[in-house]
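The next block holds one structure in the form of structure tokens; read it before the comments.
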Amino acid sequence: MKRLQLQRWSGSVLSAQARTGGRLQQRLYTAIRHQSTASPAAPAGHDQLIREQPQAPSIRPSRPSQSRYNLPSPPVEAARESAKLASLHARLYLPSRLPLETLARSLVDASADPDPNFNNESLATLGHDLLTQYTSEYLVCTYPRLPLTVVFAAMYAYVGPKTLAAMAKEWGVESVAAPGGEVDPGYLQFRRLPPGAEVNPELITGTERPHEEETHWRKSVTSRVVYDNEYGDPVKAGVPPSELPEREAKNNNLGVSHEQASSTFVHALMGAVYLHAGRPAAKRFFEQHFLSRHLNISDLFNFSSPARDLARLCARENFDAPVARIISETGRKSRSPVFVVGIYSGADKLGEGAGASLLEARFRACVASLKGWYLYSPLNVRVPSSMEEEGAAPWKPVHVDLGEVII
Amino acid sequence: MAHCIAAPKRPLVALPFLLPSPCESIALALRRNQSSYRRTKQRLRVKPDASFGSSLTHTQEDHIVHNPPSSAPSVYLTPTKFLPSGDIRRNLRLASVKNNDAEALPPVVRAPSEKKYHLTPSDIREIRRLRATDPMMWSRLKLAKHFECSPIFISLVCETSPQKKEIQKRVLEAVQSRWGSKRRMAREDRQLRKDAWGRDE
Amino acid sequence: MPIQGIRTVASARNGVGAFILQCKQLDFHYCDWAGSSRGMVAYLRHHLHAFAKANPQIEIRVSPRPNKHPVIRGVFVNGREKVICVRNLEPEQIGKKANLLREASGEKLKRTTKPVTSINESVRGIWSPYHGGLNGV
Amino acid sequence: MRPSLRLLNLEVPSLQGSRALYVCSGCRQEARPRPIAARQFLRHASNADSLSERVRRKIWGTDNPPGEKDPYGGQGVLERKFSKQQPPKQEEVAEQPEEVEDLTLTDASYEPATTWAGLERVGHLNRWNDYPRSEADTYESFAVKTKHNQKGPLSLAAHQAAVEICLMHALNKPLVSVCDVTEHEKPIFDMIYECKIQPNGEWSKALEYPNKRTQDTLAYIFEQIGAQPAAPAAEETAEDLVEASELEENGEIADEPASDSQDAPFFGYQDVQDEGFLSLPLTDAVTKFAYLKRFSQLSGHYFPDPIMQQISTVKQAVAYAQGELNKKPKKLAEYLAEDQRLLSLPNVKIFDKRRTTLHRDDEMGRKKIIEAALRARGLL
């Protein structure tokens, strides 16, 4: 199975001595290490993996409950006693191969427990990448002509931090007042921001973008693909592993917002499902909880000059130049006229719009025509990750055309 | 009449022949309580429209009534012209739609201006010179009229001096300073409405 | 920039993909001594395990509340709580009350005038007088 | 007007010097020393020169005005407490014995009544509370002071009672008189301990002595018990002590417990040697009454009438004392905590105590914040 191969790769290649890889690899390593140590209920298939692991650090020795106040997060054995955790497991229809211990771990934010063996950071990194991959391939294959800015907005709407925080709330995940070893592991544990702290810092500095100090320079959409994150937001540059500890120590004094902690939890849960139950379960989890949400993509567009865009589009595609025609109208000389204007290219109607003035109707008709172009969706959409299933049909290339109009 | 309305409704509906007289108000009151089956049947009895399709001649046979919605088309319905050539829907639609070229297209909003492409590089140099020497005299509109082109073309070719921009800005401020609150709000609202066009709200 | 994306949040449709039961916690309170808890004690002894087994997604907490009437408290995903006093009720009636809390959404009760509400777009669109088969006057 | 006007000045320094760093505003108001002028109007009847006392003196014109000293009730609770600590005043002590003597000496033909019939009044004529404790006031319980609940002491008590009743049967003496001696001396108890009971169903023949000498000694002792009151019995016990010491020298007592456990119940013995007494029947009403009385005395358990009706063997009596016959109803939490069907479900939690806000705070990690805040303010 491919999943096992991945784990074998990470377990054998990335030993504790030669851990010079990037941050992602390091986190993957810690995630695997956790799985081998803190999941006594793991199925028998993992035994081989456990043997392959390099010397895994032992879990924390069990201590009496008095000293739980000294722990930064609940001990591993507390997960079995928590009814909250068990009910959350059942409420989300999580696969039974995902043990409660891992679910408890995915609820511990890095701000609560800085130890990477016990917080969800590594799981969240994996889950974040999975979520963005699944969402982006769904969007790109379903709407192949979608402009990139709208793809960014759709990604934000599907797996953005606000959505994930709302999702965690809809799952019934409550958060603790302050993290500690005595709290119920069924709560989301993170250190809260001090009162009055700035939640959204306006300017993110320290990105990898060249000339980032030139704020008035134009940022092309293409450069946002390269330098920015999946929502088109600037992202902080990675830190080499040698500087990792002191930076984490600096960050741990600060808290995180509830939104950020919730989205980290959802990411980590996705990663945990993938690690324990495999790819099909992870895809099912994604489809049931993420793709099933309602999003009207046509509401994400904001045009500034649709007539020019449409003219450029028709010129590019060798259509006849678009012409606005009045389909119907009423009350032209009255206080509240209504015009219905259609955009025609030759004899074919591209779209129509109604407005209180001819200008508005034409504008709206152009918007409708452009949306008709951008929201094209091929039949029988398949995503590339469906090829990973057993016995998948041979891959047919998805529809790709020139897509977005670039002025 | 009052006691008729107050009477239990269901028996009267069930036994319409017991009604004493075809009183209009009772009939109206009873129509509200028709069973949904009858109501549905009645609604379906619509007059055949020309848009229903070509199967009007064979009404005896089973046929599909195509009754297009009386609403603006959805944006998710890609126009046939925008469908890529490999899409199966393109051929299906082309086959089903009759070739009605004979039907005249609706009137255009504004006749597309014929592009003349008559200006030479020397003309463009002249435009730039005129605009640089006397920006107050040679505005965009005047130049467009003089050279028989569109003002947009003038703005593509040359740019006005910063002094002219500053003067224009002052003039605009002077005009706007005379606006009262009503006019200012109306203008702002108009701009907001215009912004909403692009979001299709 | 010709087109800008508008940032929104995809809205949840509970039950379209996964169905999240809105009742997340049920607290059963009883009194060991008082007679009004007789039915509740019998319910907890004989019927609770079946209810808990059928609803693994509900966290069930049983705790005494001495010298008070027995109550069932339901905590819901939306943060609200519903409490039902089950004094002097028979175990079967208490089971019905527990089921009532289980199936509740947690919202305040309100009259539903329309049987169906949907965020999906209408199939035939919103009717407009300027579309459809326009017949000349 | 504050209700605590009777607060003594003595109280004030103790409040002010208390360890509490924080005194709430109400307490601070109470604890503040009052001005002298205001204190003069305090109506302290216990103070000799209180306002009311001085007014009375002035009205009557003498230093010793007639009438009640304090017409508004006695001392306050606090005053009484303080006056108890201080030595009582001389005059009050002097008065009381006179009254008592009056009572006792006036009537030479005084005879204490045994029943209430014909008495005009039942109870003490004066305020009995005010007199010091006399000989008659000391209470000695019929039963032992500590109630035995463990199996070992209860069996020992049942065995001892059975042996004694058997002895009385054999000696043909009134059975109930075994209760005259609550606790025997250690050598006698040792001998009783050594005795065995054959479960043959006959009280008079059931007893089996370890040797002849024990039989003679026990018979001698219990011959004494029913006949005379306690004073000769004490002498006998003294004699027995000598005999018992001889017994000890002979080394016949096998399992002699440590000597430091003298004050322990049953002299440190843990359990009986044989269980034969359990099968003894309690069908005869006199025997049953005597046995249960003695057993009740030794074990400290009270046998209500319905239970006494039910009991027909010694075994049942012991079972009742062990709490097996009518147990306390089991708590639901204990029952549920043993229910395997519920224990196997991970989403069920059962608590045996009421859940309070404090529990929830602890669960959510808020408790430590609250405690830290309270500590920072010196409230904890």
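So that you can tell them apart, the chains are marked A, B, C and D in the order they are listed, and the count of residues begins at 1 in each.
Please note the rule applied: a residue touches a chain if its C-beta (ideal position, glycine included) is under 8 Å from a C-beta of that chain, and two chains touch if they have at least 3 such contacts.
To keep track of the chains, here are their UniProt names: A = Large ribosomal subunit protein mL44; B = 60S ribosomal protein L20; C = Large ribosomal subunit protein mL43; D = Large ribosomal subunit protein mL50.
The model shown is predicted, which means the values in this text are computed figures rather than measured ones.
K.L.:
What are the two chains with the top count of C-beta contact pairs?
P.N.:
A-C
K.L.:
What chain lies closest to the overall centre, CA atoms only?
P.N.:
Answer by centroid distance: C.
K.L.:
Where centres are the averaged C-alpha coordinates, which chain has the largest centre distance to chain A?
P.N.:
Following the centroid criterion, the farthest chain would be D.
K.L.:
Using mean CA coordinates as chain centres, what's the chain A-chain D distance in Å?
P.N.:
So the centroids are 73 Å from each other.
K.L.:
Centre to centre, by mean C-alpha position, how many angstrom separate chain B and chain D?
P.N.:
A distance of 99 Å separates the two centres.
K.L.:
Just how far, in Å, is the C-alpha centre of chain B from the one of chain A?
P.N.:
Distance between chain centres: 37 Å.
K.L.:
Taking each chain's centre as the mean of its CA atoms, how far is chain A from chain C in angstrom?
P.N.:
Chain A and chain C have C-alpha centres separated by 29 Å.
K.L.:
Listing for chain D: what residues touch at least two other chains?
P.N.:
346-349
K.L.:
Please set out, as single numbers or ranges, the residues of chain A touching at least two other chains.
P.N.:
Residue numbers touching two or more other chains: 83, 86-87, 90, 299, 301-304, 327, 354.
K.L.:
Would you mind listing the residues of chain C that make contact with two or more other chains?
P.N.:
Residue numbers touching two or more other chains: 6, 56-61, 121, 128, 131.
K.L.:
Under the stated touch criterion, can you name all the chain pairs that qualify?
P.N.:
In this structure, the chains touch in these pairs: A-B, A-C, A-D, B-C, C-D.
K.L.:
In the complex formed with chain D, which residues of chain A make contact?
P.N.:
My answer: residues 69, 80, 83, 86-87, 90, 100, 174, 176-180, 182-184, 187, 189.
K.L.:
Quick one: in the complex, what on chain C touches chain B?
P.N.:
By the definition above, chain C touches chain B via 6, 121, 123-129, 131-133.
K.L.:
Taking the touch rule as given, give the residues of chain D at its contact with chain C in the complex, in rising order.
P.N.:
Touching chain C from chain D are residues 329, 331-333, 335-336, 339, 341-342, 345-355.
K.L.:
Touching residues of chain D toward chain A in the complex: what are they?
P.N.:
Chain D reaches chain A through residues 346-349, 361-369.
K.L.:
Which of the residues in chain C end up touching chain A in this complex?
P.N.:
Chain C reaches chain A through residues 1-14, 16-18, 20-21, 24-25, 56-61, 77, 119-121, 128, 130-131, 134.
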